[in-house]
Each structure stands twice: as C-alpha cells, then as structure tokens.
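Next, two complexes with subunit A in common: one pairs it with subunit B, the other with subunit C.
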Partner chain A sequence: MLLAISPPILIQIIVWGLIVGCIYVLLASGLNLIFGVMKVVNFAHGEFMILGGYISYSLSIFVGLNPYLSIFVSMIVVGVLGVIIERVCFHQILGTSKLNELILSLGLIYVLQNTMSILWTDYPVLINSPFESRVLDWVIIIGITMLIMTGFYILIRRTKIGRAMRATSQNRVAAMLMGINVEHINMLSFGLGTALAATAGTLLAIITSITPYSGEIPALKAFTIIILGGLGSPLGAVIGGLGYGLIESVAVTVLGGTWRDAVGFIILILVLIIRPMGLFGEKEI
Partner chain B sequence: MKTISYLHFSLKNITFYLSFLLIIIALVIPFFQISLYLMHVLILMFYYIGYSSSWNLLAYSGQVSFGHAAFLGIGAYITTLFTIRTSLPFIGVLIGAIVSAFIGLLIGLTCVRLREWFLALVTFGFSIIMIALTIELDEFTGGTLGLIVPKLFPSINQYQYYFYYYYIMLTLAVFLVLISQFIIRSKVGLAFAAIRENELEAKATGINVMKYKLLAFTISAFFTGLTGAFYAHFIGFINHQIYSPENSFWPIIINVIGGLATIEGPVIGSILRFFIIEFLRIMEPWVRTISPGMITIYPKMQILIFGAILVVVIILMPKGIAPQLRKFLTPKE
Partner chain C sequence: MKKRTQLIIAVAIIAIIVVSAAAYYYTTLPPTRTIKIGLVASLTGSAADVGTDMERAAMMAVEEINEAGGVYVKEYNSKLKIELIVGDDKTNPQEGVAIVTKLITEDNVDVLVGGFSSAVTLASQVPAIEHNVPFVITGASSSSVTRRTDKDTSYMFHYCTITDDYSETIVRFLNHTVKPIVAPNRNLSLALLYQNTAYGQGCYQSTVYFINTLGLNITIVAAETFNMGDTDFHTQLLKIKNAKPDAVYHAGFTRDTADAIKQGIADVGLNTLYIAVECCEEPQFYEFLGSFGDRQILESKFGPQAESYSEAVDDYKAKYIERWGVIPGMMGADTYDAIYLIAKAIENAGTLDKAKIRDAIENIEMPQMLIMMKDGIIRFDENHEIDPLCFIEQMIWDGTTLKPYIVYPDELKQRDFELPPGYVPGGP
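Right, the complex of A and B next:
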C-alpha cells in the first residue's frame, strides 16, 4: 500500500513522522527519567506538557517573546512546579500500592486540566511562529530537540548529578549507602522530567493547536514508548519515540485518522505477545 | 476471654447489620417521590457499584485492568444491536454478557503472561482499539453518531421507567456484590488471592495459574458486559464514548478509594463518589450568590475540586477507606 504513495508525499510522511517523533522523544525521555529514578509512573505527564505549551503561548502573546526562546522560561516554570508536586504528592505515596500512583496522577490530571481550562479557556490555541516558512520551523524543532537531548545526555552521562541519578535508578539502597541524597535526586529528576515535557508542549503548540485536554493520550503513548523501548533505558526512549512518530504518521496516511491512537497499542500488544517483558526487557522467572 | 468476645458485637455481625440497613434504605427511597434527577443519579450509583465489583473480581486475582470499558462497551453494543433486530432486550442483555465474556477470554489469553504496567497498558490498548473499530464499522455501530438503545421494557412515562429501573439496577448491584462475596470466599477465590500474593508460590502449591487467571478475566468480563448492557438500556444512547479512558478509570478510582481487593470497597467508593459529586452540585446556588462571575467556571471548578479530593484521599489513606473502617468497627481489646 505504501508503494502506491508518490515520493513527495512519502517525504512529507517521513518529515511529519520525525517532527511528531521529536515531541514523543522529549515526552518519553522525561517520563522515562522519572520512572527510572523513582519507579513511579506519572500519568499526568501530558498535562505538564500542555502547561508548558500554554506558558510559552502566553509569553509569546503578552511579552512578545520568540516562542523558541520561551521554551527555556516554560521549562523552568514547569520544572519548579514539578518539584513542588513531587514533594507534596508523589513523595508521600512512594512505596505504597502501584495503583495509588495512577489515582494520584488522575487527580492531578483533573486539577491541572481544569486549572488550565479556567486560565486559558477551552478554545484551541496555536503559537504563531515568527518565521514565514513552515520548513524552517520544522528544521528548528528538530534542531532544538537535538540540542536539548544532547544537553540531557551530557547531564546524565558526564556530570556528578547524572551519575547520582543513574546510581539511584540502578539500586536505591546502595546509592543511599554511598552518600547520595536520594530525596534530592527524586526532586531533581521529577523537575527535569517535567521540564522536558514543557519543551515538548511548546513544540507541540507550534506545530498544531492545543487544548487543556490534549495531553492525556500523548502521555499514555509516551508510556507505551518507554515500555517498548525497555523501561528505564534512555536510548530506548529516543529510538522508540522517533519510531513511534514515524509509524503513526504512516498509519494515519494509510489507514486514516481514526487509527491514530490505536495503531501504537496494536504494535504494543503484538510485541508483548511475543516478548512479554518488552523489546529490551530482562526475562523474569 | 470467650465470654468477653461474645458480649461484643463481632465484626461480621456489624457489617451484616450495616449492609442490611443500607439495602432497606435503598429499597424505600423511590417511595418518597424523589426527583427524576436524583433517581437518575442513584441508578448510576448502583451501576457503578456493579461495574466496580466486576472490575474488582479481576483485580482480586492480581491483574489490574486499565481498559474495562472495552467489556462494558461490548456488552452495551451487543445488546443494542440484538434488541434493535429482534426486540428481545432481556435475551440481548444476556448475549451481550456472554459475548463480552468470550472477548474477555481472548484478551485474557494475550494478557496471562504480562504483569503490572504491561498488563495495564495492553488492556488500555484494547479499549482504544475498540474506539477505532467502532468508528470504522460505522454502518454497523453508528460510528460517532451512535445508536439509540431500545427500552428494556415498555413504560407509560419516564418516571415509571426510572422507578422500575431503579430496582433492576439495585438488584444487579446487590447480586454482583453477593456473587463477588461468594466467589472470593470459594476455593476459586482462594486461588485468585494466592496468585495475587505470589504467583510463583501459587504455582508451586499446584494451582494452575494460567487457568485461574483466564477464569478471572472471563468472569469479570461477563459481569462487566452484563452491567454495560443494563447501563445502555437505561441511558438509551451509546456511541464510541463508552470506550473512553475515563470510563475505564472510574472503577479503578472507586476501588482504590474504597479499598482494593475488598468486597465493601466498590460499595463505599461508589457511594462516596455519589456524595462528592452531588455535594459539589448542591453547592452551585451558594457559589452563585457569593460571586456571580464564578458560575461560568464552576463546572470546571467541580472537577478540579474532585481531583484535589482524590489526591488528598490517596495521600492520607493509601490503602483506601475499607481497611480504616474495618479497624474502626473492630472492637478493641
């Protein structure tokens, strides 16, 4: 079926897939970091993303800041909010039932969605790019994603904080015994994860319009991506995110928009039937 | 010691009297000429009790489903399609439940080897796939426009319909709670609990883990389909929204708030959900007098407050309300 598509359209599909993939990469990497360090799944991750988008939107409207620069402001704002939410909410239920994380996230989803809806109303919002051509936008989006992901990689791999984060995600107790302040690492990774989500949100608001409710499904897709890519594996999140974006883009063209959300789950189910522990997961007894 | 313990009410007695009282209250409520709206909300409360009890049966075997709306919707759609063609709604409800159980068995087959988040996401995926399928097969299911569901039985007016439906839903809820009690107390329930606590140990003691996991899926899907079918005939309209994530998450919210893997959990959770939502609705005129400008955002405020309550309850009571209540009701030594 794909062969019947003419080359220019094929290129369009691939480019679109890459751009959507960039957003998934940012979203999934943040979620993955939080999961890796805290072993908590933050289903409200999509709401942090949309919040980041709205903050950048307001900055570009009221301050006139270039949306690509406002990414850094919204990163800081959402990151600080993330730290606060980690302290007040997630920290309290660490170590209790896994479902509690879900219910807590659901509660947070309701709170964040409706706060955004009160502040910015339900009308779809689009950040107007300062550039004339869409192609330039796309190049910048891919560039910014690469920049931020490189920074993220350097932070995780080359700095002391990053090493502490990796140590905590490998073995919490051992990390604690080595003198790492695990609580600080929790706060930091949650803040960093939500900051990455804020970046994704700003980029999303530049390429398509957002509403307060458009974060729910992307968060679950990001979760699918990190499960497929192996829970806690940073490279898996990147490859998975780009792959997911491409597959979704192809599926929407071939099967139609109805299948946009379903196709990722079909792949997930097929993969898990063959490998119940995920693509790169370790086999358990 | 013996004399003391028999002077006290035992916990079993207290719960028995309490549930007896609740059922009596529920039975007499419709005779007080309550409004149609209240009737509607109460029927939905019974529906949630039934739905979450069915979900709980699966969770009792240690398998947490994030996509129970799939079974709910299959039950609802099958009974609708059957009733439209044959106008035999009660048989349709039963067929809906059976088809749902069959699909539950199939989904269970893909899920038996999965754990925790993997299982959760796969079940969630099935409900999302059902949305796409429903929209795709629109000449059959009505697509996004949906279908009008025929009434379960003829009635003179809306009130009479609600009046009888109230008792149908009440019976369903009580039936599902009792049947969960029966299953959980039986040998099968013991096997479910063993699998939930430690799968490997359960296997070692000779429990056929695969068989019981599939059984849990099938039973749970059957009752969820049944509840969904009755729900469809009550609401009178279905579309792809029945598979929405929100519909899948309600039983989880209700069960976790009420108390996971307990029989009274779904009941407590559903009643609490009813009171919170109705309380927020009753507050509306009060909000209007305080600040008229607030009224446009009040619907959003309601959900916001509900979310905040959820967060607070989970932080304060990570195990849910039922264990706390049990502790409170147990006589102290």
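Right, the complex of A and C next:
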C-alpha cells in the first residue's frame, strides 16, 4: 500500500505523523509528570488540553493575540487552574484510595466539559493561523514543541525543583525525610503537567477544530503513550508520542481511517505482553 | 322522627345530590389530555448544532398549532394541545436508547419525532419498535432505519432524504455538469471520504450503485473512511491526493465536512471540487468554511441561505430568524414539517391510539411544506420513505460571506456552475 504512494506524498504523511506526534509528546509528558510524582491517574488531562485551546482561541479572537504567543498565556492560566484543582480536589483525597482518585478525575471530565460548553458553546472552533503558509505553521509547531520540551528537560534535570520532583517520584517518603516539601512538589507537578496539556491544546486547535468534548480520545492516547514509553520515563513519553503519531499516520494510510484509534491500542497490548514495563521503563526491583 | 334525625337525613340527601351533580359535571367534561410528542435530538455532543435547530423548529411548529387551537381529535370531541417533550441523545447511541426509553415509559409520549445520525438512531429506535410507538425520523439518512430486517420497522417513518437520494443527485450532477468541463474525453475521477457509519457506508454504496445502474462515465479512484467525531483528515486527504481525483465527495456532518475541506485546501494542497451533503445545510457550516467554501458544492433539499425559490421556505426563514435570531438549518425544517404531518395524521386517525396513528401516518397525503416533493405531495412509499426533490447548490464567497446558489437541476437553477479558484483537475 505504501509503495503505491508517490514519494512526495509519503513524505507529507510521515511529516504529518510527526506533527501530530508533537502534540502527543506535550500531552503525554504532562500526564507522565503528574503520574510520576503524584502517582495519580488524571483522566481529565484531555479536558485541560482543550481548555488551553479555548483560552488561546479567545485570546486570538477577542484580544487579537498571535496564537503562538497566546500559548504562554494559556499555559499560565491552565497551570494556575491545575494548581488550584490539585489543592482543592486531589490533595484532599491523595493516598486514601485509588478509586477515589479515579472517580474524582472522571468527575472532573464532566465538570470541565460542561463549563467549557457553557463558556464557548458546543460549536467547534479553530484558531486561525496568522500565516499564509501552513508549512510555516508546521515548522513552528515542531519548534515550539522542541523549545518547551528542552525547557522541561532542563527544569527536571538541571534545577533544584526538578531534582525534588525526581526524588519525590522515586521515593516519596525518602524525599520527605530529605526535607523536600512533597505537597509543594505535588502542586507544582500538577500545575506544570496541566500547563503542558494547555500547550498541546493550543497547537491542536491550530491544526484541527476542537469542541469541549475533543479531549477524551487524546487523553486515552496519552495514557497509551506513557505506558508504551514506560511509566514515569520522560524520554519514553517523547519517543512514545512521536512514535504513536507516526504509527497512527501509517496505519490510516495502510489500513484506513477507521483504524486510527484502534491501532495504537493494539500496539499497546503487544508491548504490555512482550515488555510490560514499557519500551523505556525500568523493571521494579 | 326527632328533629335531629330529620336534619341528618336532609344533610345526607343534599350531600348525595351535590356529589352526584359534581360527578355528572366532571364525567361529561372533555378529559384534560394533551398530545405528547417526544422529540429525540442531539442537544449536546458532536451534532449539538443540528439538534438545537431541530428543537427550535419543533417548538415553532408546536406553538403555531397550539395557537391555532390545537389538533381536533374525534375520540375526545375537542381540539387537544400538543405537548413537546424533548430528549437529548447526546449524539451517542447508548444515550439515545436511554432517552427514548424514558420518553416512552416515563413521559408516555404518543408519537416520537427527530433522531439525528443513523448510527445513533439505529440504536435509539429499538425501544420505539419494541413498544410500538410511531417514530417519524427526520435526521438519519441511512435507509436502514426503515428497512432493517432484524426488527419490525412498521412503526418507523422516514421524513428525510436518504443516502440514495444524496448520491443519485450528486452523481447525476457530476455527470451532467462537471464532467463536460473537466473530463470531456475521459471518465470523471471521483474520490469519497466517508464516515464509517451506516450513513457514510450508505453514501458510498449508493454512489457505486447509481454510477453502475445509470451507466455513468465516473470512476471511483479512492474511497477513504473516518470515525464519527474525528477532526484530523490529513492522512486520508493525502491518500486521496495521490489518487488524483476530479472531485471529492465528503459524506459526513457539518463539523467534519468543514474541517476536511479546509484541511484539504490549506494543508494538503488538494485543490479540487469538494461536495458536501445536505446535513451540512446549517448556518455554522457556512461560518466554519468561510472563504474555503468558495465555489464548493452542497447537495441539498432545503436552502434557506440561497436565493428565494419557495414561498414556504421564505416565510419559515423569516419566522425562524425573528424567533431565534439565526438562519434555520436543514434538519429543523424536516422536523417542522414532521410535527405538522403528525398533527394531521392524529386528526385523520381521530384517536391517540398508537396503532391507528401509525396507520394514519402510513396513509397520509398532504401538500408539501418546506421540503419539496417530486410530485408536490407528502406521502410515504412501501418503505415508509418520502420522495423529495433534491438539488445542488454552489457556495460563492463574496469577500465577507459565503452564499449558496442552486446550480442543478435546470428547473431550479439560479446561476451557472463554475470551477473553484485554483482548481486542479485529476487524472484518469
């Protein structure tokens, strides 16, 4: 099937897979950070992504702000909202039961969806690119992803907060004994994770339209990606995200559009059977 | 008798007379009864725009009928008011089943109307089938909603064009109008991008059927699918571009059709003729598309945005805008007509007995309203389907708005068809 496609179009298909992969990288990295540090499965992560897209959309429509600059505003807004939600909701039930966390995050999906539906209606919206050429948009999307992921890497690997996050992720009790305020780290991680989701949402709204309900499937894919890449592995989220985007694009080409969502889950099942800790995860001792 | 006993007897007699008189009075009064019509619409979810239009149109029709006194029902010897009970299927089959079950078992509706998306309606019609409740379906275009073989669909009626109508109109238009311009000496190359649901598959299968049956010189060079709710069509469009089509027939809803056309032109560079189907005849579709819709095609049977072609449509459009402040959409028009159709059927039946209402709908004959019929009469055939007159609109961008004009068939034509700007013909 792929051989029947002309090389320039095949290249476009691969490039498109990478662009979609960039959005998955940002979304999965945020989810991975929240899970890695707090061990919380946040099913409402996709809704934070869409909220980011809507905030950027509003800024571009009502303030006339360049959508690529609005990313940073929506990151801050959604990040702060993430911190508040962590304090008000997750902090209260953390460590009580996994079921409580699950129900809370599922409940958040509906609260956020309905709030967005009231604020922006159910009609789809698309952020209009400020550029004539879509190629420029694609280059910028890849560039912004690289920039944000580099900043994220530096924060995690080279700063005191990042070290505290990694320490909390590895051993929460030991981190507390070492004087790390794990509650602050939880708050920061949740805020940073949702801010990354907001970035993904803005980029998504630039390439396709969004509605309040558009976050559900991408969130499921982000879970697949972090399991695929290895839970808690930042590199795994990057490679997993890009790989997932590519696999999805090739699957649609070879098998048809119906397989877009199914193929990733098939691969996930295979990975879990062959390598349960994910591609870049480490075996627990 | 003692005075006290006489007093008790007198009071008892008066009480009996009063109670008897009251009982007589209330039993001879016509019973307080309304005709309960359950509207099934997608008020939330991916088709919320269409569902809102259906709800608004149904409310208008009910208000108009009630203001005129209601529907005369012989059994009650009086005019009964219509009570509209709205159920949201949330553009989801499971939710559709739940809401139709509620409308039947809790709200006790007499008739159902509405239902958008074939995938949702094929599920949500099952409780209506099982409870023998007449259901006039106005928003699902797969013929299977009245032709399915696994269930008894004798209570189902389809007041909506079906995928056969879409595809027949489209391939006839392509052969009659487009082929002579872009492919006079070869077969016209057609690509399809369709939703992987009963509706989308119906569009694809009927396209193949009519090309073959009518012996048209059209070749299908690509047929790609997508899931309901998808927003990213880049990969499918790239594959279609590889197949070099002269036109792309997109069988989807408002949102995905607009997304696909925009992505095709702006992102993929597939500068071809895009054909959308009538469920996109919503104001939002024109807004989403904007300048990307210039000279693109929309198959339709109700064109409130087009130049005037029907007095009934003009009146309805004016009333709708006055009431809701927006231009009406397609599925609302079907629903509006269907409410009147149900009212007429109940009047003909003279009862609220569901079996008799079903018979009356089956035998209905009334003048066309908003949706034009080929012979001007609303009636159902043996498949419980109508015979609507479909047409093709071409959308023209004037720099600020996108406006459709009828370009086919000739008897309704408002202007000549033109190729879209930058159009690149396909290949054999």
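One rule holds in what follows: the second predicted complex is superposed on the first by the 277 of 285 C-alpha atoms of A that agree within 3 Å, B and C clash if a C-alpha of one lies under 4 Å from a C-alpha of the other, contacts with A are read in each partner's own complex, and residues count from 1 in each chain.
In this text, a residue touches a chain if its C-beta (ideal position, glycine included) is under 8 Å from a C-beta of that chain, and two chains touch if they have at least 3 such contacts.
None of these values were measured; they are calculated from a predicted model.
Asks: Do subunit B and subunit C fit side by side on subunit A after the overlay, or clash?
Replies: Verdict on subunit A: clash between subunit B and subunit C.
Asks: Once the shared chain is lined up, is A:S6 touching subunit B (first), subunit C (second), both, or neither of them?
Replies: A:S6: touches subunit C, not subunit B.
Asks: Figure out whether A:S117 sits in contact with subunit B (first) or subunit C (second), or with both, or with neither.
Replies: both
Asks: On the A-aligned overlay, A:I227 touches which partner chain: subunit B = first, subunit C = second, or both, or neither?
Replies: first
Asks: Just to be sure I read the superposition right, which of the two partners does A:G151 touch: subunit B = first, subunit C = second, or both, or neither?
Replies: Neither partner.
Asks: In the overlay, work out which of subunit B or subunit C sits against more residues of subunit A.
Replies: Of subunit B and subunit C, the partner in contact with more residues of subunit A is B.
Asks: Applying the document's definition of touch, where does A:T258 land relative to subunit B and subunit C: first, second, both, or neither?
Replies: It touches subunit B and subunit C both.
Asks: May I ask you to decide whether A:I210 touches subunit B, subunit C, both, or neither, giving the answer as first, second, both or neither?
Replies: Second partner only, subunit C.
Asks: Report, in rising order, the residues of subunit A that make contact with subunit B in one complex and with subunit C in the other.
Replies: On subunit A, the overlap between the subunit B and subunit C contacts is residues 117, 217, 258, 261.
Asks: Residue numbers of subunit A touching subunit C in their complex, please.
Replies: Touch residues, subunit A against subunit C: 4-6, 9, 12-13, 16-17, 20, 117, 121-124, 126, 134, 207-211, 213-214, 217, 249, 252-253, 256-258, 260-261.
Asks: Which of the residues in subunit A end up touching subunit B in this complex?
Replies: Touch residues, subunit A against subunit B: 41, 89, 92-93, 96-100, 102-104, 106-111, 113-115, 117-118, 216-217, 220, 223-224, 227, 231, 258-259, 261-262, 264-266, 268-269, 272-273, 276-278, 284-285.
Asks: Looking at the complex, which residues from subunit B come into contact with subunit A?
Replies: Interface residues on subunit B, with respect to subunit A: 64, 66, 110, 113-118, 121-122, 124-126, 128-129, 131-133, 135-136, 200, 245, 249, 252-253, 256-257, 260, 297, 300-301, 303-304, 306-311, 314-315, 318-319.
Asks: For a test of understanding, state which residues of subunit C touch subunit A in their complex under the given definition.
Replies: Residue list for subunit C touching subunit A: 44-46, 48-49, 196, 224-227, 229-236, 238-239, 241-242, 255, 258-259, 262-263, 266-268, 284, 288.
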